[in-house]
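In the two assemblies presented below, subunit A is common to both, partnered first by subunit B and then by subunit C.
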Partner chain A sequence: RSIMKYCVLVLFLSCFCVVASEESSAKLILTKNILNSIITQGNDLAIEYNMYNIGDGVATDVELADSTLHDTDFELISGKMSVKWDRIQPGTNVTHVVVVRPLKSGAQNFTSAVVQYVASEDSEPKFGFSSEIGEVEILSLKEYNRLYAPHVVEWGMFGIWTIPSLLLPYMLYYNSKTKYTVKAKKN
Partner chain B sequence: MAPKSSNFSKEEELLLQDFGRDLSRKSSVIFYVHALFVSAIPLWLFNRIHQMEMLDNAILFVIGTIFSAYFVALAYKNNKFELKHKIAQKRSDGVAAELNAKMSETESKKISKKEKDERILWRKNEIAEAESMQLAVFYTNSLFLILLILSSFFFFKSYSPMPNYIISMVGASSITGLLSTSSQK
Partner chain C sequence: MANLFVISVLSLLIGSGFCCDQPSVDSSYYTSTNLKLGKNAAFVVELTVKCKNNVQDLKLYADVNGVQYPVTKSPEGNNYQVSWTAKNKKSPAALFDVKFFDESGYNALKKAARINQDANTVKPLFSVDVKHHGMSSGFWVSSELIALAAASLIFYVVCNERSAVIS
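So, the complex of A and B:
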């Protein structure tokens, strides 16, 4: 009996040890998304950064930095390129949105943003990379108008141009036709 | 007895045939003007909707317009010939009635039957010529424009403007010309 008690006690204590030796640690996953469906030069583009803490510890001193959107290619409209959070609880997520305006058209490569955080107490800062968006085609204003504008005026003018081509000949034909068909009926 | 509208004598048939294929100078001019105009309409569409600059693509536009005008004019000619025969048959009674109404009683007694019939035939030919021209222009233009719009804004919408223009113009005008050469007997 005493041996049984002793074994249970040892097991119980060892559990504690196991639990005590496992430190709670945070793990952050960062995703980067473009919210627009069509990207055009000169029109606002929204980029969303999502950070998920999938670990079981609190992430502290979290710093998100995206240095891939250069001043020469993108004009920052709202939001900041580097953001700090004090803590991110385990199992939660945070979102940050940046609005930029592309200054150039053509193919643009959107690469990863970087997050730096402290995973558990007194440990070294860790780095994480966001998901990459890859190469995206930025339409010039001309292309955008070509593909998506309704062109009501243009089609209206087209209708006007077709009057001498279509309506006029048909009216002449129709007048002549009725003139000579009516006469036959009268006879 | 005046010949029935559906039953021409051989000489009259020949006469109509002779007048058929060759165009008078005036008709040719009218056809070419119409053809050039209808071939120039797409330039407006391509300039404003596909954003093709006029000056940048001037050579391409000129060549395209002339090429398409040639085939459209060919289509006019063929369609007019096909239509004239049919129209002439239909207008027989109407023309005869008009001429009879115009001539007074005394005049119609003086002129021989043959002379009257000749006048009717000549007038009928004139009317049929004008009407077939107008209808041919209308029909050919409609076909050309519909083909052009379908090909440029539906089938080849995703192509870049220059190939789009070439394919649409060449395709539409060639098909229009080709369809006009089919004759229904």
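So, the complex of A and C:
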């Protein structure tokens, strides 16, 4: 009888085990954010994608694709828009960086990237969207230079223009000084 | 007997299928250099790997200064990319030796870390040098400062002359 009780208990516990192992699945959270503080037309813009596996299973066949940065608005400098990871362990995160150069200035809406992954063995691929960055103002190159360029040429021109207003009184002073010091020496 | 032969041949094929023999690497990299755009630095290394035994779909891991990153693969072709960032801290000029390991190398690396062995004993599949020039915001002295210094110098000279004349 005790053996029977033991068998029933083992069967009961094994049911739990089976259920528990079936439930381990991955869940991926994708965040997309801009690394720059200033975004300008004609200057590099780095975008970082962070993928966190908050589930308790391994995510396999993970594919990240960002089709929101069109060729007409952005020039790809470095990095690939569409990449895949073989597996992402639970509780870990991975990073991907893409560097582009905006070709147009003004307001630009940065929308989500898409991730596709297999959450648990033999299951259908799942889709997820990244966080959105929203609308961002891209400074024109002229505006950026106005604020951040070294302005060496402007200061040089300023120096050149101030020379006549400084030199003229100095020449007058110098002439009078030499005239009067010579006279003092003569005396 | 024939079965054994078939199994051994298959295992050899499968075994060689996962190891890259004499990889030839074509790499390019990008590092953030403009400090005016922001303090966060991005580092991207892109590579194309061709194995002598024509193995595709390599599972690579990159080691940068003791930190391991999984290497991503583009859906088509032999293009791989590894990228990392340095946020909210300075990124001075440095030469990064990025070591790439395959699956077995990565496991050996983790094992070495576990038993406190020197990580340099694990030989990478190949490595790529990334030269980071450091982040700069143009010339180290701003033009406004130079203009101010020049104006102050002229003012000082003129004041001296004036006080000499007055006294």
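Criterion: the second predicted complex is superposed on the first by the 131 of 187 C-alpha atoms of A that agree within 3 Å, B and C clash if a C-alpha of one lies under 4 Å from a C-alpha of the other, contacts with A are read in each partner's own complex, and residues count from 1 in each chain.
Definition applied: a residue touches a chain if its C-beta (ideal position, glycine included) is under 8 Å from a C-beta of that chain, and two chains touch if they have at least 3 such contacts.
Here the structure is a predicted model, which means the values were calculated and not measured.
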Partner touching more residues of subunit A, whether subunit B or subunit C: C
Contacts of A:Gly134 with subunit B and subunit C, given as first, second, both or neither: neither
Partner chain in contact with A:Asn145 - subunit B first, subunit C second, else both or neither: first
Touched partner set for A:Phe158, first subunit B, second subunit C, both or neither: both
Which superposed partner A:Glu48 touches (first subunit B, second subunit C, both, neither): second
Which of subunit B and subunit C A:Leu166 touches, first, second, both or neither: both
Set of subunit A residues, in rising order, touched by both subunit B and subunit C: 151, 154, 158, 166, 173, 177
In the complex with subunit B, residue positions of subunit A that touch it: 142-143, 145-146, 151, 154, 157-158, 161-162, 164-166, 169-170, 172-173, 176-177, 179-184, 186-187
Residues on subunit C engaged by subunit A in the complex (per definition of touch): 28-30, 32, 34, 36-44, 46, 59, 69-70, 72-75, 79, 81, 83-85, 87, 138-139, 142-144, 146-147, 150, 154, 161, 165
Complex interface listing, subunit B residues touching subunit A: 34, 37-38, 41, 44-45, 48-51, 90-91, 93-98, 100-101, 127, 130-131, 133-135, 137-138, 141-142, 145, 161
Residues on subunit A engaged by subunit C in the complex (per definition of touch): 35-40, 43-46, 48, 63-64, 77-80, 82-86, 88, 94-99, 148, 150-152, 154-155, 158-159, 166, 173, 177
